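The next part holds the structures, each set out as structure tokens.
Below are two complexes that have subunit A in common, paired first with subunit B and then with subunit C.
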Partner chain A sequence: MLKYSLKRLSSSIVTLLIIISVVFILLRQMPIEGYFDNFEKVDQAMINAKLEQLGLNDPIPVQLWNFLVDLVHGDLGESARYSVGAPISGLIAKKAPISIKLGVLSMGLSLLLGIPLGAAMARGKGKFWDKFGTVYIVFINAVPAAVYHIFIQLYGTSFLGIPMLFDEKNLITWILPVCSMALGNTAYYAMWLRRYMVDEMNKDYVRLARAKGVSGQDIMMKHVLRNAFVPMIQYIPTSLLYTVCGSIYIESLYSIPGMGGLLVDVIGRQDNPMVQAIVMIYSCIGIVGLLLGDLLMGVIDPRISFVKKEGAR
Partner chain B sequence: MENGNPILSVRDLNIKFNLRGRTLHALRDVSLDLYKGESLAIVGESGSGKSVFVKSFMGLLDANGWVDSGEILYNGEDLTKYKTEKQWLTVRGKQIAMVLQDPMTSLNPLKTIGAQIMEAIELHQNLRGEAARKEMLSVLTDVGINDPERRAKQYPHEFSGGMRQRVVIAIAVACRPQILICDEPTTALDVTIQAQILGLIRNLKEKYHLTTIYITHDLGVVANVADRIAVMYAGDIVEIGLCEEVFYQPKHPYTWALLSSLPQLGVKGEPLYSIHGTPPNLFNEVRGDAFAPRNPQALKIDFVKRPPYFSVSPTHKARTWLLDPRAPKIEPPEAVKKLATEGVKGYA
Partner chain C sequence: MLSIKENKSKKLEAALADQLKKDLESELVNEDELFVLADYDEAAAEKTGYSNYSYWRSTLQVFLKNKVAVFLLCLLAALLLFTFIQPYLPGQYPANLINNNPQTGKQLSNVSPSLTTVIATAPAGTVLMAEELKDADGWYAVHNVVESLKARTKFNLIEYGEAWCRIEYKGKTGYVKNNFQTKLKLPEDPTAVPYESRSNFKLDMYMQPEDYTNDGTALYVKEDCLTLNGDGTATTSDEAQLRVLPSENAFWFGTNNIGQDLWSRVWSGTRTSLAIGFIVAFFEALIGITVGVLWGYVRKLDRILTEIYNVLDNIPNTIILILISYILRPGFGTLVFAMCLTCWLGMARFIRNQIVIIRDRDYNLASRCLGTGTARIIIKNLLPYLVSVIMLRLALSIPSAIGNEVFITYIGLGLPVDLPSLGNLINEGRKLVTSETLRYQLIFPAIVLSVVTISFYIIGNAFADAADPKNHV
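Up next is the complex of A and B:
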């Protein structure tokens, strides 16, 4: 298990290095105008001086090496346009915690709702909960998210008297964004859990369990649910991390000072150091999610062996 | 075994299935007495209803199937009257246990072998904790698994097919049932393992005083294990008798055809005998003898009127008009006669 984890970890690091290099090299191909507020007005000498100061005249491999060395020391560089001269790590450290808290809460909520819903759908295939869930899932997938998010904000604030804008100190303002963010994942978990449970229910071992006299309730809880969870568990870390960094719309709707819109913002402003830092963070998150998913799956499913195959019979 | 009362008695059982709005008549007036301690084999081709028949003893018919009429008497109770899961749970495992065909898929891949056997023990033997564990280890030893302490902690994927089938049998036996149903227990196994598994079931039958029902289409299996044979065709038992009677004095044309197609009876260089045509479509009501359209020597009455059972001996009866005193004398095929006079190596 440890050996496997280390192996997976090292290949993850290689992947990360490749992503960083590609993004870094691509960003160096951007026009240099992005580094200046008033490009038309500065002369060539000043441009050269600035580029020299930023280290942009060095050959690209050297620049990349310098970036990586800084990275190892925890230095992500400085923002060029977004907040001129400010260290990027500081900027992100201010915004990330709120996004993470919101993401974890909404994720917890969607697991809490989605799993019982999916299980109820699978148990009563074609009955009330199945139909209810199907309508819900189709609704969530078919209607643009913006529509129901706005409705929730509108009616939530007017009927429940919850303030429109997010305030970290006021817990009641957390309710609407967390619920809104949970809607999509709830549908997703319910849909997949139902699907995997129905798959499991048709397997022979369920027939054998019935034949040996296990009650329907116990078959569901002790056999089917757990086995259906195996393929799902792989995606849970990834989906948590995407929830954390993917809530652009909801963060802007409730004016939440999170990470959500940051990447789009800095790309628009051509803030290259910020772009490369944020892309790197997101790729880290994605890679860690996949890694965790695989490891979790190995923990829950005994068929996945991390060591060399031992004689089975 | 014929003396004494039957442990299970099926009377005129009709089972139907609803498939896309059409009704399939899967079992047509099947009657059977199962005697305590005997070993009965039900043979027949795919779709003849043998699996459906035994599933109905345990209330395991698929959701679109139902018992249309008839009764299944067990311990004085009519199982066809059972409606709720709670009623069936008094039968499943406790009274009747089952071994399924494919051991590769019939165990839960995420639970240890030990846990899956313990589940049955806790349900049916009222043992808990250490006592249940001891019982589990002794059952594993009984089914011939070495080093049960270690094996019990392993998962199904760490076992070979034959070993898994032993585990499935251990689960069935751990329920301490009266009747053990083996639904093609060796079909998915290596030929070399088949004999071992059959031998194992036979030993366990003695040790645990079981009554066994084998479902199979392999007559080799039948000859090895069965006291009595029931031949099923198109949802009905067409012939039933002691093993020797069905093998050496078969009376129904379908049994003749079945025996003639044994590979061991083929003559080298000549194509193996095969039954022409296909079984009747059970969506339509079958008229007369269901086998008549495939029987080149069928009588006229076979197409009109369904034959009743004619007794050949107290233990042997068949549903064919050939046994009627008025019927013309039709000889069984050469291969069947050869079987009766010479016997076949490996068979009965």
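Up next is the complex of A and C:
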């Protein structure tokens, strides 16, 4: 297990490095306007001085190395347009708590709704909950999120009689963003749990348990649900990290001052260093989530062996 | 004492024994029949194991049983056909044409959706001011205003009403609106009619106690509804339909805020979005199948492709989309390119896994032993096996491409507004949602988009179910 963890960790770090380098190199191709908050007004000498000061005239490998060294020290650079001269790590640290609060709430809600829904769907195949859940899942998967979130905001706020935009102090405005963020994950958990549970239910040990006379309730709770939940564990860190980082769309729709909304903001203002930092954070989260998921699987399910069987295929 | 379980099993045993006894008694077997030689039957010997089973016919049969999917398929086909013939139908406005009022040159912005351009009707015998239009033959611009009174002009009030007052000014009689803006006040003695009055605002004196204008601009009537009186006025001979434009072509979905016809924009946008969807799906199939087959079949490539997959798959799709659209100039090509960069990943992995499972099955081994080339094995032996998976993923990639386009447009990195797509229509409509009367600009594109994406999703799933050999009889 330890050997596996180390190996997995090192490959993740390599992937991280590759992604950071690629993002960095790609963003070097952007026009230099994105580093100035008043590009039209400054003259050529000042532009050159600023570029020199930012180190943008160095060859790209040197820039990349400097960036990585800074990164290790927790320095993501400075914002160029969004909030001139402010360190990006500080800006993000200010925005992160609200995203984390919303993310944890919506994650809890989606687990709370998604798991019972998936279990109910698997139990009564073809009955009401199954049909209801299927319609729900089809709707959520087929209609683009960008569309139904607008309608939830539009009609939800007028139906509940609450303000359209988010206000941290007014708890009632938290309801709709949290629910909207939970919708997609709920459908996801319900869909996969149902699939895994149906797979489990057709296995021999369940038939044996039934033949032994174990009650349906017990089979479901003690055997099927537990076993079906194991493959889902792998996704939970990833989805937790993503929700905690804030949904880009919902945060900007409700003007929540979080990280996702920040990305849309800085893209609108063409602030290169900020875009670079946030894009890197989002891409790295995927890797960290996957790493955690894999390790968690190993801890939870002792049957999973990490020794590669040679010649198995 | 017997435990419950033992008790149960005893009961079961007894029941089985009873059943067996009954079965044996009921079946009277003639033992001689069992040992007679069968005759040689030529027809039976010639009979081969031919069956007219056809995979695709069976797939079709299973698919046709799914009534919802068949209905949606018809709907989608009709919709697709319609989006292509729509510009050639009579009475369509071009999608990017800004419709102006022909007299004032103002944009016809935010005209509510209706089946005609008629926004008011005047009963027969109504006298209106009429003016012939130069560039639209047979149409008259009509309005109801006889005279415009400046602020603080004195006039005689003949009749006082809640909404309209009848007044006399320079020998003409007409009507003025009585509302919070015109503020016509009654004198001390309201019975003293006529009396002099004035307003602190500009006033329009109307011929009829009815506005008959579109926010102050003239409306249009066809020639044959009017009889001209020669003094610049005309009397309606029938019930006249007053239109916003000198044209009978309606704005079925209304117009947007710069006066473009939303109906043709929605269909033009559907065309763009479907084009994005189909192009992305095509590349997904092309790249996904090629990479997947190589990845699964060529053992040397397995390692490196797995690493590439891990790197790319670890970054969220939306982030790649945002990054690429941010770096390149926004446009159709950029959007499609950004989506194609990541769309093939899922398909390639799926195909790779399937191919790893089936490539060493006996029939492939036999094929290889008989000297079949690799390409032929892949095309003839492996890929037909994967049709259901491929079709499913293609059908699902179209709605997701359309959805991605909406998302990217929302962020502000999407298509320019002069290339309508469902994404930028929805985004334009979203900005107006705070006004209840303008919500149609969001709702119409959203409905069309949802119909398209849900149809693709359900049809894809139904087809994948049907193509799965497990579901065939």
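Definition applied: the second predicted complex is superposed on the first by the 270 of 313 C-alpha atoms of A that agree within 3 Å, B and C clash if a C-alpha of one lies under 4 Å from a C-alpha of the other, contacts with A are read in each partner's own complex, and residues count from 1 in each chain.
One rule holds in what follows: a contact is a pair of C-beta atoms (placed from the backbone, for glycine too) under 8 Å apart; a residue touches a chain by one contact, two chains touch by 3 or more.
Since the structure is predicted, the reported quantities are computational estimates derived from the model, not experimental observations.
Contact with neither subunit B nor subunit C is seen for A:102 once the two complexes are overlaid on the shared chain. When the shared chain is aligned, subunit C comes close enough to touch A:30, but subunit B does not. By the touch criterion defined above, A:286 reaches subunit C but does not reach subunit B. When the two complexes are overlaid on their common chain A, residue A:111 makes contact with neither subunit B nor subunit C. Contacts of A:213 after superposition on the shared chain: both subunit B and subunit C are touched.
Which of subunit B and subunit C touches more residues of subunit A is settled by the count: it is C. By the touch criterion stated above, A:142 is placed in contact with subunit C alone, subunit B being left untouched.
Across the two superposed structures, the residue set of subunit A contacted by subunit B and also by subunit C is 213, 313.
The touching residues of subunit B, when paired with subunit A in their complex, are 58, 60, 85, 89, 92-94, 97-98, 100, 102, 105-111, 119-120, 123-124, 155, 157-160, 163, 168, 171-172, 175. Per the touch definition, subunit C reaches subunit A in the complex via residues 5, 8, 310-311, 314-316, 318-319, 322-323, 326-327, 356, 360, 399, 402-404, 406-407, 410-413, 423, 426, 430, 433-434, 439, 442, 446, 449-450, 453-454, 456-458. For subunit A in complex with subunit B, the touching residues are 203-205, 207-216, 222-223, 226-227, 230, 300-303, 312-313. Chain contact summary for the complex, subunit A toward subunit C: residues 11, 15, 18-19, 23, 26-27, 29-30, 138-139, 141-147, 150-151, 154, 164, 213, 242, 248-249, 252, 263-264, 267-268, 275, 279, 282-283, 286-287, 290, 313.
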